[in-house]
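Below are structures written as structure tokens.
In what follows, chain A forms one complex with chain B and a second complex with chain C.
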Partner chain A sequence: MKYTAVVRIWPREGVLDPAGLAVCESLRRLGFAAAEVRLGKALRLTLDAEDEARARAAVAEACRRLLANPVLEAWEIDELVSLARSG
Partner chain B sequence: MKYTAVVRIWPREGVLDPAGLAVCESLRRLGFAAAEVRLGKALRLTLDAEDEARARAAVAEACRRLLANPVLEAWEIDELVSLARSG
Partner chain C sequence: MRIGVVVFPGSNCDRDALSAIELARPGCAVAIRAEEAELPPVDALVLPGGFAYGDYLRAGALAAVAPVMEGVRRFADSGRPVLGICNGFQVLCEAGLLPGALAPNESGRFVCEEVCLFVESEATPFTAGLGSRRLRLPVAHAHGRYQADAATLDRLERNGQVVFRYEGQSPNGSARRIAGVRNERGNVLGMMPHPERRVEDALGGRDGLLLFAALLRHLEASA
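Presenting the complex of A and B:
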């Protein structure tokens, strides 16, 4: 079955995030009351798996092995839905 | 009051996403059954606003004016929570 997962990858707490700081500064210059911005990545993965548990395990392994740098980044699975065909 | 919003910004449907394709190809080489990967951005914004409706409006305006390229990217507000102090 096909599953779609959304993964978010963030710079860890305490890790400098210069891109986020630049966005925050730009927002302030435009008049927004921005206090802090952290800039991460979002990935939408579509993958084949037998069931939801295996899909979740595969996504977690992909984060650990490829998608996130564990020293600098934390990842989280934000959504996981099956693309089962209806009808 | 302070609010924290998470915004996701995606390449629009039909827009070529070479970074997502490269990630998909790497996942396949590692043995994952990845069918498609789209690579976007995730931003966590902390901002001051009087209430939740104004916070949401400010985040949407920030997406339109600065954060997303409307030709190539679609944005969505994924979370919006107030950081009210308890106690």
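Presenting the complex of A and C:
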């Protein structure tokens, strides 16, 4: 089965995020009442797995080993869906 | 005696590192490509500065899983000297060979300036005999803010693993003004400033050469 997962990665609470601060500042300049912006990243990855539990475990392992740095970042699997077999 | 410089796609201080080593001891610098799974026979390794693999995902993250890193890990585990400079420091942290991580500078800007460093540990092959010195070296980075949790920072201080500290204000907002750390054993050192860019008077000074000279003394003594 093919699965597609969306992973979101954020600067951890308490970790200074200069890019988020800069974006927040610009939003305020435009008149938006933005109190805080945290700039993270989102990845969509497609993988083969036998079932959803194994797909989720593989994505979590990818986050731990490469996608996120635990000193600076927190991650979450935002959605995990199976794709209909193609072709 | 051979000192290897690992060249990642996107490294840009590899030539500087090779020529700094050649200045310290002609004929001993060796370039090693990051795609090589096996290291050639070398006595020490340098991971140079730059933007390995474009610094995609995070600075040093993709380089940390490059083919060469298995060999680098075994080399480090065997107790032989490894120096990571700037991007090389980021790679060593991402690979888990050094504690902590390098976050974006507090200012949100790239910094490029000369800094003064205290040498706080002589217990590395690169700083033996330099304990009483202050070094003037350049920094040039966007992700140099050293971060670790408070318990880790306390442990590093207690063990003397903080090797370099910025004098005065840190250029990047580093925790405890840390500019360089070593592993527990002392054979792996990472630093944000660039010693390879201060190896002759025409480049603004020779403080950087002291680290390469110390390494050569160490290698000679242990040969």
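The definition used in the following text is that the second predicted complex is superposed on the first by the 84 of 87 C-alpha atoms of A that agree within 3 Å, B and C clash if a C-alpha of one lies under 4 Å from a C-alpha of the other, contacts with A are read in each partner's own complex, and residues count from 1 in each chain.
Criterion: contacts are C-beta pairs under 8 Å (C-beta built on N, C-alpha and C of every residue); 3 or more make two chains touch, one makes a residue touch a chain.
Just so you know, these numbers come straight off a predicted model, no measurement behind them.
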| item | value |
| --- | --- |
| Contacts of A:32 with chain B and chain C, given as first, second, both or neither | first |
| First (chain B), second (chain C), both or neither touched by A:66 | both |
| First (chain B), second (chain C), both or neither touched by A:21 | second |
| Touched partner set for A:42, first chain B, second chain C, both or neither | first |
| Winner by number of chain A residues touched, once chain B and chain C are compared | B |
| First (chain B), second (chain C), both or neither touched by A:10 | first |
| Footprint overlap on chain A, comparing chain B with chain C | 65-67 |
| Touching residues on chain B, where the partner in the complex is chain A | 2, 6, 8-10, 20, 23, 26-27, 30, 32-49, 58, 61-62, 65-67, 78 |
| Chain C-facing residues of chain A, complex | 15-19, 21-22, 65-67, 69, 71-72 |
| Chain A-touching residues of chain C, taken from the complex the two chains share | 57-58, 61, 65, 93-94, 100-101, 103-108, 145, 147-149, 173 |
